[in-house]
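Across the two complexes that follow, subunit A remains constant while its partner is subunit B and subsequently subunit C.
The block that comes next holds the complex of A and B.
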């Protein structure tokens, strides 16, 4: 029983990282900005978020710092792309490299080298009366606030895209920016907003890694999840409600791979580290036909 | 004081890079009229209207609506003061249905999605204008004529008092044009003003109350219906040049009576091609093209004409049937081998499919001929001297305006690029020329040149298969016209039987 509960709760923890990150990518992509810099944002906000939480002693301030770092990255991406029409993918890759360099640099400047790693303040769990006492269900419900934040973000984005006119317009930008422009929608402003908000979510996911999962920062803490999240965004056909499915799927695979690593002695552990990536590849191959793309993703837009 | 003019544009200047698109243009349109804006491609018509709509910002000039000076920085501003525009290329979101497209951008209730309510409103406007179209189908499934109706309704739904139509007839056939005209008249009765952009004199004569003629970014004149004559408009449009034009303001060419070859050069036998995505492909198509004739294929875009053009030069696409050139089957040949059998091809999309953008004119002329003996040394290396000779000959024979054959082809104008492509087709002897929309987007002088080349080929005994969306053009240059609709051949007409209305109706499946 405890094995199942622990599997579920671990999966949920990693699903939070995957879902928030891919949701962030989706929000940008829906306006045509393909944010491939997620890995860099995860790293930078993991480091920055952790350090802020550690120094202030407040997990919440840590998450806010993570989100702000994400927003800064999002702003740079939108600004450089919209102003100078630099290719989004080149920009994204540059930001990945920048983020990974920045993360270690910040940690070394502020913490330096220590024998025992500094610990982040604890993130409070949400407890629901009565239900939290039932086995298995408690494993599902008894989770930290950020997981609930993730559910909330998915529901809000679904409502936004499919139940509001602004959402319809935002989807229109992703499909055909000219169509949105000629009916008076400010394409540039929406692209800025979406990239910044999306990157803020990725920043929250970044801060979640050290503060809630490992308790401390270590180099390359994101371990390629920012790139996996791109796969999830595509797998989800850029739909928030599917991103959460993808998030859970890949988190589940990762947790299984992690458990297998612990119990099998003869197989090199690198093999298990590889599993999530292989499964992304296979899943993408299987679902190739079902995948839809907003038509303008990755493409610059200008009127003249 | 009641103001007579709804729109006044004063001293508008617009520069793109080094090109002056509009030079001190002053334009007025009176309330409740259909005002034509006539000019050749590149005369600046769309640019001027895009400035009025707020998509482009002018370098200089003022805009007055109802006598009041206004500032229009974006379509958001222009929609607010009652301007609507239907662009030449559809600006609908292909993944959305008509209602979703129509309500996009309306400022009220941003955080609601009142589809049902809006649907009712849209239906009401449709009824008032006598327009019908499906409301719940994704617009990517709909033909161009229907999309245009949706865009008109969209503009009216946003409360447009002024409706700008940019080349609205590009993808319409005659009967659809009549219907559009009827709707526009109904709109004018309701007090809407219409600006009608076109390069076709005939359409101006038939639909407009007054017209402004633009030429190379300058206003030539504005004239009222009473003074409009075909000759006068032609003169204003082309000025110094003396070209003969037909009723539809296309260059006039003569087709001398010649004897076509006894045996057909090309026989297409019951071919079928599977369609991709929404296209239906080709179903059981058969026809013959003789030497000494221009065989036109009339088809509204998306009815199988792309598949036909592709299959003719890439027979591996055929799922059934056969194509014979000079009596030999080409069914199992590669595109290059088809070319080596005396077939030449000029594609519809000259930039994407016709040329190597960064290659020189010389390299582009050689393309497709590069395996012919005379362009090879030791059967392996390219003989660049021969290539240079061929390129120079093409430049000379086809009047390509370029300083040298080494110039990157992308630096030429569209018309000159088309001349190079046309010239390339005749670098080696050609029995069958397949040409797809050879004149799209070209100015009248170049169109005249291309027409003459096609007719010259025909007169010298060559076979020409001309696939074209523009029925007016086909009626000028074809000996016979076949109509393609929904992937099926709907009939073949002899020159003596040409009837614009009848053929046009077949093109849309009527």
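The block that comes next holds the complex of A and C.
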């Protein structure tokens, strides 16, 4: 029973990272900005968010710092792309490199080398009286605040894109920026907003890694999840409600791979650890036909 | 009059213009770097001097620069060739690791047969090339047949390759029992390339690769196909160029070159497989290859020069960490900054140059 409960709660923890990150990518993509830099944002906000939480002693300030770092990256991405029409993929990759350098640099400058790693303040869990006592259900409900924030973000973005006029307009930008422009939508401003908000969510996911999961920062802490989240966004056809599915799917695979690694003696454990990466490719191969893209994603838009 | 014409229309203008663009980008970038160094409380003139002159002050500095230039040339080509048809090979790192690992595994397995150097070395070089080519081709195949964005597939393959290195370097068959870190036993001496005045012989392969890429792109039908697909995909398809095949071939070629780079690191620099061998100055060669390629806007002819320039900065970065305790990531960040500025400036002043 405890094994199942721990599997569920571990999966949910990683699903939060995957879902928030891919949701951030989706929000940018819906206006045509393909945010390839997610991995860089995760790393930079993991480092910056952790250091802030550690120095201030407040998990909340840590997450806010993570979100702000994400917003800064989002702003750079939107600004350089919109102003100079630099290819989004080139820009994204440079930002990934930038983020991975920045994360280690910040940590080295502020913490340096220590024998015992500094620990982040604890993130409070949401406990629901009575229900939190039942074994498996407690694994689902007894979770930290950020997991509930993730559910909230998914629901809000679903509601925004499918139930509001502004959301419909925003989706139209992703499909056909020119048409949206003609009917009076400010394409440029929406693109800025979407990229910055999306990147803030990725920043929260980045801060979540050290503050809530590992308790401390270590180099390359995101371990490619920023890129797997791109895979999830594509697999989800850029729909928030499917991103959470993808998030749980990949988190489940990751946790299972890790459990198998511990149990199996015959097969070298490295092959289990390869599973998440290989499954990204296999899942994308299987769902090739179902995948839809917003037509303008990745393309620059200018008025003339 | 005649002179004016040459200046206006000739090669000279183009050269002067791109030189001034690079000059501008470098000026802004070094200005920003100086500000950051000053903010961190280090001496700016000392830091800049160390960063730029370390490679040329001593024989050791120069040898180190060449040692870093060689793998950089290979990973830069690995990014550049698929980039010519506007695809991103982020997987040079994985292709390099896979090539190097295959060489180490095969080299150790056949090490006891007592094969002479003139068989062993070409054989292992071919193994490295093939392993890298396979790893690269797979990403191309996933794009051509399943429309999977190579940015994702090559990164996933990188992680698989990292774990594969760990698997080989820790497996009882290959691991050096005396080492705590995942490192294999040394390769037999017949598989090792030597040094000439501390310059690795792998430089010969790097020069051959430069010639190979030049001939391939300028003189062969495949090179013509790659160039025309990159220039105008629609027209190229109308003239019967098989786009799917071109994708797979560019990734195969890129992977082959990265794999060769990995093989040479194992056979020449380390003499065995060490986990993390494809890294330098705080990051892996694949990433530096991307930055290097973007410095010259993915132009294959500029690669060797750009690789040398980046290697100078990397050697300077190591020296900064040694002598002034400035973290290597500082220079790594600066390189990303330089590249970002070059990309922006080129986009602004050369409408067709930024891709």
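Points worth noting:
Here is the rule we go by: the second predicted complex is superposed on the first by the 300 of 304 C-alpha atoms of A that agree within 3 Å, B and C clash if a C-alpha of one lies under 4 Å from a C-alpha of the other, contacts with A are read in each partner's own complex, and residues count from 1 in each chain.
One rule holds in what follows: contacts are C-beta pairs under 8 Å (C-beta built on N, C-alpha and C of every residue); 3 or more make two chains touch, one makes a residue touch a chain.
Everything numeric in this text was worked out from a predicted model, so none of it was measured.
Of the two partner chains placed by superposition, only subunit B is touched by A:185; subunit C is not.
In the superposed three-chain model, the partner touching more residues of subunit A is C, compared with the other of subunit B and subunit C. In the superposed pair of complexes, A:227 makes contact with subunit C only, with no contact to subunit B.
By the touch criterion defined above, A:166 reaches subunit B but does not reach subunit C. Contacts of A:156 after superposition: neither subunit B nor subunit C is touched. In the superposition on chain A, no contact is made by A:4 with either subunit B or subunit C. Once the two complexes are laid over each other on the shared chain, residue contacts for A:109 go to subunit C alone; subunit B is not touched. Once chain A of one complex is fitted onto chain A of the other, the partner contacts of A:117 are absent, as it touches neither subunit B nor subunit C. By the touch criterion defined above, A:97 lies against subunit C but remains apart from subunit B after alignment on the C-alpha atoms of chain A.
Touched by subunit B in one complex and by subunit C in the other is not one residue of subunit A.
On the subunit C side of its complex with subunit A, the touching residues are 40, 88, 90, 142, 146-149, 151-153, 155-160, 163-164, 166-167, 171, 282-283, 287, 290-291, 294, 327, 329-330, 332-333, 336-337, 339-340, 343-344, 347-348, 354-355. Chain contact summary for the complex, subunit A toward subunit B: residues 162-169, 171-172, 175-176, 178-186, 295, 303-304. Contacts from subunit B toward subunit A in the complex involve residues 16, 53, 55-56, 74-80, 85, 87, 91-96, 100-101, 103-107, 109-113, 154, 158. Residues 36, 80, 84-87, 89-91, 93-94, 97-98, 100-102, 104-105, 108-109, 223-224, 227-228, 230-231, 234, 268, 270-271, 273-274, 277-278, 280-281, 284-285, 288 of subunit A are the ones that touch subunit C when the two sit in their complex.
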